[in-house]
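In this document, chain identifiers A, B, C, D and E correspond to the written order of the chains, with residue numbering beginning at 1 in each.
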């Protein structure tokens, strides 16, 4: 996670919306590449999970890219902010596993949740420490996106690990 | 008092067996059909009259116009499915079918309707009796040309139908007494409204007494008419008011008391002359007995308690092999159900014994001989018969 | 005759001065009474299309017709009663018998039409002017034509049963079973919900008729594990039972058990027709659980030579190793398995595939191979401290309990989980504690609140009776370890658990923290399959679907010779496993006999 | 009632006695004894009221059961006499000389069950049916539903669905 | 066929013998004819208005439903005020109320009564039984569809319909008549053979002329 933290520090210095988004896009890009690289390392049985994660990061990547290209970026962020997601703190209760060779599905999920969690926290912090204005709104928006993604993963985690089973 | 003496010169000769010999081809006799479409017939039945002059020399009752084959239909309906159809056997007083059938099923199935249900059943039967008599009184007067009585009694009956409607949910076919108990209790304020209805009916009955019974025309046409001879009582199985008017003081409610009749205070009404007038008068007085009984029931019945005995799932209800006969005293006499079960989910055989079966067939055919054509309707009505219970 | 008789009739003239009794406007002034039985109403949302109204209608006035815009789903046939007013007699038996109280009657009674075919309508679907009428007949609460309560079944008192692993419930007596069978209205809604589509209404009818042999025959048509399912089936059927809407659902599971209890075991074989002549084809089944053995049973009866390989030393799969004895005595499993074996199934226990015998060998030696491995590996929470040796998995403990191994019964234990497995291990531990220490000290912590609990209500009730403490809505946070020993479990309160879509989205209240003391923490959460025996090559070759082996509708994997069935593809449930066994057997039979296209 | 049944038993071969209620009993008597017993009951025992005369078709046994229900008005009690006659030779002596009204019952039994009572007045005349050509309708082997479907038109367009079959068709069409 | 309907020689009271053939002598066998509307529509409308104002019911209680006729014709519901009254003979009536189920035996009398009624005439079916057999759907002795045997102008649902429902039915019937759509009698004449075939299919002892009026 240290690499991400470093990236976050980097963000603090950015002053325009486009700059901030650029950095955020690069994060998503890195995450996508990470999961894509993980695919061949896991058993075929759980490959779907990693592929799903990569696809999700790709979706974020696409979304941010599209956003960056829009003229009404500011308005867009405003609207998106209406649908904020609240953190449920489920992932707080999880160990962050060390993704060694051949990680299993639970480990991958935990890792992914941890990633999203950290991103959520950092974007949140950035938003808090930025004076009101478009940049702050953008940070809040990014935090919301990460939270939403994390919630999705939590649902999956529960279905996989806590309920019934079958994998 | 016989104002009319027929000319018997043309009368047919009696054969050794007592029947009369008449030759239609002789032209002395005429076949006259009264019914089924005829204003002077009760319900849908017909009389095939052979007349000589104005006098009936021979009569046959024809029934079957209302035959629906209930006894057969019941054999292919489950015990609960029979419950809605039985009331159709007697339109003006359907509740006896419901009671007798329910009681017979309960007896063979070994269950007993709860106390409160039995009070409500009695109430319904007495309400129905009042209705039946009211209808009869209008018919009896109407058959002798006095239409106004029917205008009043039909109104009184309709008020009672309103009470039926609020209690049972229907005007004519109540479908309220079912094997196991009754559907529901009395609605709120029923007693008050019933008392109003009873008062109105009493008022009507007072007028009926004045206008119909203290009436020279009515008396002239009914006193001494249509006498049921004592030996006919057993020969033709005469029961109910017809028998009581002949001095045979038998009333199932007293002799073989059922439901809550043992707890009620009443005396059977009877007469001695056994003519049309006496029979009408017995029924008129019986209305007052029933009004009194309804009051007693409403005053004394339990207000709480179960209304249905525990019955098994009615969809699979099977009843052990057995047979029984359940009777009740309806407004026309003995109403009874003979029920045979064979252990299956369907009745093996049901036989409905309605009082009209004998009254309107063998008895009527016997009584009507020698009567003036104009008196046929009055005589027939005086037996108080309802065709659907004859042929079922 | 007197002068009075001449004069008295003239008193009728007084009516000239009376107010008329005529109703001024009969069409307006005469609403039906409050309980008038007028035209029908039906609440299509409440109605489940069970057709009981049609059954009871002596007039054949009711047809069950598909309601537009509705599709059949569990517990609702999507049929709705269509009433023919060319038949109806307004007796309201349909209202009285209605299982959901959806049918009622309005106090409206006027309907005039020139077209005789117009008098047919589906209440609640075809809109009518009386749909909103408030008055009219509704079944009075006390008035019931179908009994609403189950007969009481005898069972061991909590004090009695907690000290041993003896079976708790007595099963129905003949009288009780008939009374319970009597409550069934034979609507058949349950059949679709039962994974094995057992012929429930008819086997219940067999109980009413006292024809238990016929009943057993019906059971075996769809389920060779009636002894087991009669005791531990998840009885999803009962959740959709029509009787459950205004009363208790019919105890279908106990009735099934009653049939097998009533037929002497020696006669079981007579009920079943002998297997078909040998086809010369052979099938290997891996795993002797309900799915594998059902497939084996079906295939053997069709004349194929079946060999079943079981890794553990006794057959039954999770029914033996996962379900405690007090719920399912082991000899009951033996009875079901022995009947299956008597069909000529070669059952080899203690033979783990992947060891001496490999899957490849099975493939080479048989025409088809069925994997029915089950879900025998427990999931771990992986919360801090969960790697401690005294943090155990429920499935492992239950397996050890069945094998009679001593795993060191803790004085005080905490169970994580809210499903039936959690209840099983909690109650097993409770019994062991009672035997060892005389007191029960087991705490169960579940994520779900009681309103959304996964375990059966009966299990919860019985656990409470046996002194197990169940805390709902607690999210495990960490295993508390003091001096290297497990000391308890730390949990947070779960504020809410599901989102609007009904998907899991727990939110925690970290201010409400609890420590549940215990020297052992048992994880009884999800389970998974151990697919190691496939080997890497085969794993890579096979197609997968979200972590499960991908199979087609008949249970065939992407490798034509390999089939899979049971919990490993369907999720954990005995009767679903049975259904899956049938499915895969039918698929294999069709494939082996070349009738695949017709199948 | 018991005393009456005991005394009757000494005179007539009564069988299958059921005391249904304290005031109602049923007993079976051979067909040949029916008239004698009825006469005895009417003249000696006070059972003067013929409540009903009807039949039950025991098709499986090939027998018709005739039930004579008598009522003793004075003592308010009933006695039902059963007698079994063969379905294929359904003939019985009439009792219209004991109770004239019995002729109506006998006429109905002839029409609805096909049980003959030779000599009973008007026994062959149609009673409720007119132009009837089928089996006597109260016989168990007469199927009224089938007859109704064959002889009368029912309104078309009625079709119903069995819930279980309907759900099978939609939810799991492929499974056996 | 009954004796009195057979062709035979009769000796009168005066001793003179003569031949009678009741089915031919007493009835006119001419088939029914359609009743054409008046040449001018306004005249026909006037006729229809007049017809709608006097519905005279034949007093023939064919089944259960007849019991509600008494309340209807007595002061409480007082159908007379609506131009509705009952008449004792078919010759005076133009409205036949089939009050529910019809046994085959009654159907025969109903057909005769109906045919004796004067044109234009109307038939109203009361309750389930006239529509599709009602609760006697499986009875061997009742017809199931009244419209197989007689032209029905209107149905009133119920078992049995209440007086109020009958009054609603009368109002509807009046409306139909005024619109000139109560064409039952003409329908009967037009499809006479079809009706006769249906009638004869269920009435097995057909011992009356095909049409008598």
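Everything below uses one rule, namely that contacts are C-beta pairs under 8 Å (C-beta built on N, C-alpha and C of every residue); 3 or more make two chains touch, one makes a residue touch a chain.
Quick caveat: nothing in here was measured; it's all calculated off a predicted structure.
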Strictly by the touch rule at the top, which chains does chain A share as contacts with chain E? C
Just to be sure I understand the contacts, which chains border both chain B and chain A? C
Closest chain to the protein CA centroid? C
Top of the farthest list for chain D, CA-centroid basis, is A
Centre to centre, using CA atoms, which chain is the farthest one from chain C? E
Interchain centroid distance [CA atoms averaged], chain A/chain C, Å: 40
Just give me the whole-number Å value for how far the CA centre of chain B lies from that of chain D. 23
Could you please state the distance in Å, as a whole number, between where the Cα atoms of chain C are centred and where those of chain D are centred? 49
Cα-centroid distance, chain B relative to chain C, in whole angstrom: 56
Where chain B touches two or more other chains simultaneously, the residues are 64, 67, 69, 72-73, 76, 84-85, 155, 173
Going by residue number, chain D touches two or more other chains at 128-130, 137, 142, 144-145, 155
Please set out, as single numbers or ranges, the residues of chain A touching at least two other chains. none
With touch defined as at the top, which chains are paired up in contact here? A-C, B-C, B-D, B-E, C-D, C-E, D-E
Okay, in this complex, where on chain A does chain C touch? 43-49, 86, 88-90, 92-95, 97, 105-107, 110, 151, 154-155, 158-167
Residue numbers on chain E that touch chain C, as the complex places them: 75-78, 81, 125, 128, 130-135, 137-138, 145, 147, 152-159, 161-165, 167-169, 171-172, 176
Contacts from chain D onto chain B in the complex sit at residues 18, 20-21, 23-24, 26, 48-52, 54-57, 67, 69, 73, 76, 78, 80, 99-101, 103-104, 126-130, 137-138, 140, 142, 144-145
Touching chain C in the complex: which residues of chain D? 155, 157-168, 170-172, 174-176
So in the complex, the part of chain B that touches chain E is made up of which residues? 24-28, 31, 36-39, 43-44, 64-69, 72-73, 76, 84-85, 88, 91-92, 135, 138, 150-151, 154-155, 157-158, 161, 171-173, 388
